[in-house]
Amino acid sequence: MPDIKSFMQIQYIFELTGTAFFAISGAVLANEKSKPDWFGATFIGFVTAIGGGSLRDMLLGSYPLVWIKDVSFIYAILIGIGISGLLYPYLTKLRKSLFLFDTLGIAMFSILGTEKALSLGVHPIVAAIMGMFSAIMGGVIRDTLTNEVPIIFRKEIYATACLAGTTLYLLMDYMGLERNISFFASGLLILVIRIVAVRYKLSIPQFIKD
Amino acid sequence: MPDIKSFMQIQYIFELTGTAFFAISGAVLANEKSKPDWFGATFIGFVTAIGGGSLRDMLLGSYPLVWIKDVSFIYAILIGIGISGLLYPYLTKLRKSLFLFDTLGIAMFSILGTEKALSLGVHPIVAAIMGMFSAIMGGVIRDTLTNEVPIIFRKEIYATACLAGTTLYLLMDYMGLERNISFFASGLLILVIRIVAVRYKLSIPQFIKD
Amino acid sequence: MPDIKSFMQIQYIFELTGTAFFAISGAVLANEKSKPDWFGATFIGFVTAIGGGSLRDMLLGSYPLVWIKDVSFIYAILIGIGISGLLYPYLTKLRKSLFLFDTLGIAMFSILGTEKALSLGVHPIVAAIMGMFSAIMGGVIRDTLTNEVPIIFRKEIYATACLAGTTLYLLMDYMGLERNISFFASGLLILVIRIVAVRYKLSIPQFIKD
């Protein structure tokens, strides 16, 4: 059975990997939309990867920001951008893998963001929102900078899946369940909702029916 | 004559109500522009309601943010969104009432934002700007996210009315006038400027004449 | 030989002048794009001038923000806007001077931003990024608010020049060279890269070749 320390190390490696995946998805998406140069692609990859967590921490007043304290996250982003540039033709053929990586990323960062907010003593409702923000706001900032309609306004279940997962985590945490079980169960819920929604083209009801 | 405590309670109820109205105006506007789903409408209502005050407090480094400290503001927003969704057909017929509520909202939040900035010890010019930011930046962020040209760049007197009100408040405060009198007089000035400007189609001179 | 104090005074005057120039370039650009009124032009000039430094300080958690602590920066902006409005016909004929002022501005604020970040104890890579952010993010926020594609995504060498300069500064600082020499050499590098790039239409390689 792994001890706490090795579990923390595994989680840290996941966080770095997730950050790199977010940078890859940012760079690939930016390239499809606006054919940027290397700087533009790197900038967008960077913002996609660190935007959500940075906004969360700035809203919570929790300093220093993760990537400012630990420059390994910047290396992870640069490696992600490099991979995107070198393996682009292969990556675009891997649509399903890219989708899966993005979904794994939002699932993990939703729950980690919720935990971070909780550890700062906020109300559970605020923690659920902050978890979702961690996962999606990098993409929202990316879409705003590139003049796209942000992903959260498209007819897809994306942020809502994150919110469902963070809510489940908070419920399980409230019920006193073991952290790792809550972590994986709520992450899995995000994964399942997102995959099922895309597979069966499910969507949230329109706010006002025409 | 009401004592301080009951006045503070009345003001608190006004703040919650103003927050709900901002959420309503955000959701209604978002719906007219981009037919969002329930999540998108809620997100835009939320950002419209808390964006201005959050930006003010993040610029001033004043933590925790109001809605993170006091979750009642989140409930007020959710109630506002719910009302928008249920009563939408009636609300869209109440154009004039919606306009009035929005104007009451920017008037109140301009002055409250100015007071908060002053209480943190900033220069009066900064306080006037922060008051205006409290009132208008939620709408600016909303417009940026939905790819609209922000309201402050349209040919309308909006932010300028807020700035006039916050300036009057600072003058009255400087002259040592009683707080509640300054509060209502400067809020009223914003209300009157905005209503007169819309009624008579007044506008600020163009920066550079063609 | 000037003493430290008079050098600091010279630098302070440069900072105020650079802030005014950023406000001028913001107002002139805003006017070309969207014919704003006086408020809109002032708002855009203000955001262009203080946006980069404010974002840097908010990311670093370094409070109070420069223009909130020292209201002279607000006066510098207002003077810049006033000059833009009054001398607009002359300014638009001075394309080359405007370009030079903007380039001087980004060169100076890149290095000053790097120094500020370093003084707060961050990793040199973070300091280089923060220096570049100080110089360019005001323009990025300006472009986002006015629904333009941000300058950093156009086919121009702009942010990359800043990054080259901030990297040179960090190298010279690491080698223990005298601060003023490092300051001017790295600022000059930004100036030269930008001027040569525009003169010979150089650009960064496209991220993915078509």
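Letters are used for the chains, namely A, B and C, taken in the order the chains are written, and counting of residues starts over at 1 for each.
Methods note: contacts are C-beta pairs under 8 Å (C-beta built on N, C-alpha and C of every residue); 3 or more make two chains touch, one makes a residue touch a chain.
Note that the structure is a prediction, hence the values are computed from the model and not measured.
If I list every residue number at the interface of chain A and chain B, are over half of them used by both copies, so same, or under half, so different?
Different, since under half the interface numbering is common to both chains.
If I superpose the C-alpha trace of chain B onto chain C, what rotation angle comes out, expressed in steps of 5 degrees from 0 to 180?
Best-fit rotation on C-alpha atoms: 120 degrees.
Distance from the CA centroid of chain A to that of chain B, rounded to the nearest Å?
Each chain reduced to its C-alpha mean, chain A and chain B end up 31 Å apart.
Using the touch rule from the top of the page, what residues of chain B touch 2 or more other chains?
Within chain B, residues 58, 61, 144, 147 contact more than one other chain.
Contact residues on chain A for chain B in the complex?
Per the touch definition, chain A meets chain B at residues 58-61, 122-123, 125-126, 129, 140, 144, 147, 149-150, 152-153, 155, 159-160, 163, 203-208, 210.
Inside the complex, what are the residues of chain A that reach chain C?
For this pair, the touching residues of chain A are 27, 30-31, 34-41, 43, 54, 58, 61, 63-65, 67-68, 71, 74, 84-85, 88, 144-147.
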